[in-house]
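Both complexes below contain chain A, partnered by chain B and then by chain C.
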Partner chain A sequence: MKHVTVRNLLISLLVLTLLSLTGCWSSKEIEDLGLVVGTSLDLDTQEESREESAGQAGGPPRRDRITITNQFVTAETTGKGTKNASSQPKAYNNVSETGDAILPTLRNMILRIEKRAFDEHSKVIIIGGDLARTLDLQKILDFFIREQEMRPSCLLLIAQNRASQTLDSKKPMEVPAFKLVEMTHGHGRTTKILPPATLTKIEGKLHSGTSFLLQNVVSSANGDIKFEGAAVIEGKTRKLRGFLNEKELEGLTWITGEGKGGLVKSVDKKTGEPIIYEVLSMKSKIKPRVDGNNISFKIEIESEGRIAEHWVVSEKTIETDFLKRAEKAAEEEVERLVEHVLDKIQHEYKTDVAGFGNRLRIAYPHVWKAVKKDWDQTFSEVPIRYEVNLTIKDYGTADE
Partner chain B sequence: MLLLVAFMKQPDKAAKVVLVGVFIPLLFYVITVVMVIGALSIDGVVMSTWPTLELMRSFEIPGLIFERFESWLLVIWIMQIFTTFTITYYAAALGMAQLFKKRIRPFVYGLVPIIYLIAMVPKDINDLFKFGDMVGNAALLLFAVLPVILLLVSSVRGGKA
Partner chain C sequence: MKQHENKENNTWNAAQASLEPFTGNFALDLERVRKEIGHNSDVHFREFQIGGTGICAAIIFVDGLSDKELIDKHIMKSLMMSFSENHHQEPSIVQGAVSKEYIKNQVLTIGEVTEARHAKELASKILTGSTALLMDGVQNALILGRTKGKSRNMEEPSSEPLVRGPRLGFTESLRDNTALLRQQGGNSNLSILKFQVGERSKKELVIAYMKDLADPALVEEVRERIKKINIDDVPESGYVEQLIEDNYLSPFPQVQNTERPDRVYSALMEGRVAILLDGTPFALIVPVSLSMMLHSPEDYYDRWIPSFLIRLLRYFAAIISLFGPSLYISFVSFHQGLIPTKLALSIMGTREGVPFPAIIEALIMEVSIEILREGGLRLPRPIGPAMGIVGGLVIGEAAVQAGIISPIMVIVVALTAISSFAVPQYSAGISFRMLRFVAMFFAAVYGLYGVVLFFLFLCSHLVRLKSFGVPFITPVVPYRVSDWKDLMIRMPLVKMRRFRKAIQKKDSMRKG
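Moving on, here comes the complex of A and B:
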């Protein structure tokens, strides 16, 4: 009796397994998919096409046209291509299309490629500086945030010149989109790269109207790409305001304390030779203070590190005096960086990109409510003091 | 939850069981809320339709499980929906059967088309959200207000214990 039940159960299980083996629902053959790994958005530069679209009477009002470039990985990258081609095939395939809204433009790519564009593996979106200057980022990114196929872990970068150039490479086997993503991992070893900004993080910032930074990519004519400083996005207009160069970005990383590693190149006062301080850990506290109507901030920066290199031959790192001197020199250098970038974001760009507003919101919610509407303006007039405290923990394997 | 208590073999342990049963999901939900708001910020949460799913989709640790984590989450989610559904469905059928003093079987099958039709009522996703809110409010009415009234009625009428 019992055996029969067990056997019946097993048989029905087998039958059910067979049912599930017949195939996958909503499956997509990988050969038929065009895997998009990166997307770049630019302002259209061709004036003729602009006039053409504007010339139609009774048509929609003229808009800025956007050129979108999708980077597809080809069969060669995925390792399925034929290897007997004499010229080395490129690992990627860039397809461009121009239009005034994102999705219609993307769909128009169907007219140019045979594969179904598949966004699930999209890693990076690069927005050209011109486009970011003229159009609200919220509008540009709306499709990418709304689309279900797009992953919110996609990274966002700003290209100082044309964004489509950053997706080009001279080396045939290199996929520029992957390269860009890998390059953002360098954040752990230098203060000149921002922590990766994913769509998720940007979404909230766009909505709350806070200013923020995006990593800036510069492409040169010979197909090289380089991370160079950061792009400042103004919270109110959600447009690109300007750029911070590498030095300024370093200073900003010290303010936010978001760096994980990096170097400080300071100069020894006595000899004029460089001493390199390598950051092992970095911490910063932004302390808001409110006295009546006066808001002020104090930044406390703390860091531990080591002497990674020094050219002061006459001194020995084993002596505490010298270490103290090196600490002092590095502190002064960091202070200089911080001062410089504060001046820039407060007085030139007038945008709070370092999160001062957020600290104020947490510490003094009532004050924040009153000032948040015009915060960037208020921020530009707020006094900020800072205190840098570096500790040199060791000096590597040479005590000279 | 309250319904199952009525079927317990040892009803004296009911309070403890209910408390534990409420506490575990409570803990999970609090953790979820903290995680979602911490990761997306309040402004981000306001903007997205499905914040929890958004969170699961937005972090990626290259490697085995934590890439594309949302598919695992959805599997567990559907399992959870199935368990809650079976309990409430059974409760509904049982309630109707006791109300009409009939056998339970016709009700178990009879409820299927009714539920299907009700599920078809909301026309779009906004309607669906409104419908969900309504069900939630109705639950408040049914499980908080109604029992109190019934208790009052029974004490006025002077029922036993």
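Moving on, here comes the complex of A and C:
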């Protein structure tokens, strides 16, 4: 009995010592990592052919070259390091590399940085407008979707000009990638920002071939970045088709009903003074109708909100007449926005970015089967009616 | 060879002589007793004559151990002074002889009187503190009174302080302790059985249980195990614990020890068995489960809502004390993606310049905390706080300032150290502390996967472990939903009418 226990003990000891043979398997200390917090992808502007591509005379045909910029937040810039540095360093470190495929280019960065690039904290990918116009997004994003280190919650943005500029900031202690991510939280308070588009969401849309919108970010010469409208990605080609400006994006948000808050600035007909309607809730229903071969849609937009500000001093918000007038004015303003954007996406871009096709697929699967192949074209010709119904249920604390 | 045999013979003869019955010849008997224990300087022989009769007598006692008051007031006085006044007219005494019965029944004003038939028996009684009376013409020696051993006052148990609850703790005297148990409630079912343990020095040990609640098989099992104890001496109940536990290789204690009579009593009321040893304030309770180690009597004294929350907190603390550093190591060295980004950045910042990998850092800190704890325990009381401050400062502040240790590590280690003391059972806290180091090694080798692996090993051990036939992690395994009301949570008392099924087999409902 006793011998058995001792033998068992010895055996388990031996097995346990085997454990230590593995060493610290695949462990990497946190301070040795270079956290990548943002990545930007641009079309290479310098058309000079470097030696490697020049040497490929007989090789595969020349391809578009991509400039990748990784934004690193390193330990030096996060804490102690800043204390004893003489000049104020930046909170981030951008490293760029150019190549014709993503991963080889990223690996080439190893030649420039001492830390191990670590993507699990990557927050945002920004694709330059030029690149999105010339290359299929599916191809560009393939690596990022495939890679295990990339988080599916990573956000995707389009930069109207150079994407690498959006990762630059004049303020030394600001990390632009974090700033961009935090700016998308504004979605809850304005209709001018799209709901955040993560890699997973985009992946589905790319596969299904539907058109969609991506938040557009513009960087100005003085280093400021700003969200400005949205980029239209065409489902068929998966390339950038064009941009919607802020007003158009507002109209589109009303169509989809995905907004959580925002303002409608309307003008009082009598006095010409502005009345501001603040959205508290927003709902929209897209109802498809099929009549023989004719497809049509009806959008029903409903919203509740309050008067947040009005300059019509002569009127009191407590009076029903005025409320009715204010509601009417706001409804007209929304209708105007919707009409404007519908015209743009139906007739100029000819892409269904508002999800009309999806509604049709759910309500009339058979019809959808017939039209889905050339949906964007069909969409550009269908009649769309809309009906806006706003209710003011609160007018703040101002009136007696 | 021959000489050797001779010597053996001699000792055999001496042993034989001490076992021979007393003769009634005063001088001869006294000589025998002297031979047995006379060489001890603390054994006093006081010879005298019984009042007014001229009959020789002697009392023998150990100085300091026996009851001086008893000797002076009840033995000497009644045999010398009162005897001459009241009894010298007695016919038998006039004849110059005295009978044992007469002395016992009419002279001595003492409650406890027994007899010893030979010197060996007498010697052992004297040495444990009784007083012996030898008289000429009386064959057997009388043993008067019992030991009045040195004991201290009852104090609040220092190892298990409570905010609310009885302040009385066990002491070193077994009689006091059993009295404390009886005092808990007039319960006629409380049975206290006496045993003797130790081969060379005998110690008294009792087991206590409720006749109507305890499983007879369990009582029998405890009895068997105690009978099997075969050791020279049992200085403390820890010896008993180690000799009766189920698995001596397990890191977990399978017997609960406590200084609190109320805790023992409530365990008895659940059908458990308590073991009390003379000479130690620590009583043992069997069988135990892991959950008992994490429960405090206060859980039941306070209202159920605070108790509920505090108990949850305690389980949480136990998990921290077991897995705190290992989780930190696996996050920092393996799974940096699981840390929220901002936290990851601040950890990176603080670890910058630290020369060791996380495991070495953690080991340095954990070992120094353990040294500090052990050292603090041994420090003479007056310099304790001073050294504590020095140790704390050196380890906390200076190590960080010197850049050897990152501040976050200090937080993790401090939190873990405090958490391990949130476990009410000190011995269980030690188990958690030991296992913490194992978990750290697993974490250093495999990261979170290793921690999970370690947890699985731990679980498979716990599932096998039993304490006196009751599974150690009951009622988790075997699964008994009704017992879960008093596991990690604590339901209102009115909702806990049922006894624990695992322990209690006789009676399913609490009366009342």
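Basically, the second predicted complex is superposed on the first by the 365 of 400 C-alpha atoms of A that agree within 3 Å, B and C clash if a C-alpha of one lies under 4 Å from a C-alpha of the other, contacts with A are read in each partner's own complex, and residues count from 1 in each chain.
One rule holds for everything that comes next: a contact is a pair of C-beta atoms (placed from the backbone, for glycine too) under 8 Å apart; a residue touches a chain by one contact, two chains touch by 3 or more.
Keep in mind that this is a model prediction, so the values were computed, not measured.
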Worksheet item: Looking at the overlay, does A:Leu33 come into contact with chain B only (first), chain C only (second), both, or neither?
Response: second
Discussion item. As a test of reading the superposition: which chain, chain B or chain C, is in touch with more residues of chain A?
Written reply: C
Worksheet item: Which of the two partners, first being chain B and second being chain C, lies in contact with A:Ser153: first, second, both, or neither?
Response: first
Worksheet item: Touch check for A:Thr200: first (chain B), second (chain C), both, or neither?
Response: first
Practice prompt. Using the superposition on chain A described above, determine whether A:Ser208 touches chain B (first), chain C (second), both, or neither.
Written response: first
Practice prompt. Would you sort A:Cys24 into first (chain B), second (chain C), both or neither based on which partner it touches?
Written response: second
Item to complete: Jot down the residues of chain A that show up as touching in both complexes, chain B in one and chain C in the other.
Response: 151
Discussion item. Looking at the complex, which residues from chain B come into contact with chain A?
Written reply: 39-48, 54-55, 57-60
Worksheet item: Inside the complex, what are the residues of chain C that reach chain A?
Response: 249, 332-334, 336-337, 339, 341, 344-354, 357-359, 441-442, 444-447
Worksheet item: Contact residues on chain A for chain B in the complex?
Response: 145, 151-153, 198-201, 203-205, 207-208
Discussion item. Under the definition above, what is the set of chain A residues touching chain C in their complex?
Written reply: 5, 9, 19-20, 22-31, 33, 35, 37, 73-76, 78-81, 118, 120-121, 123, 149, 151
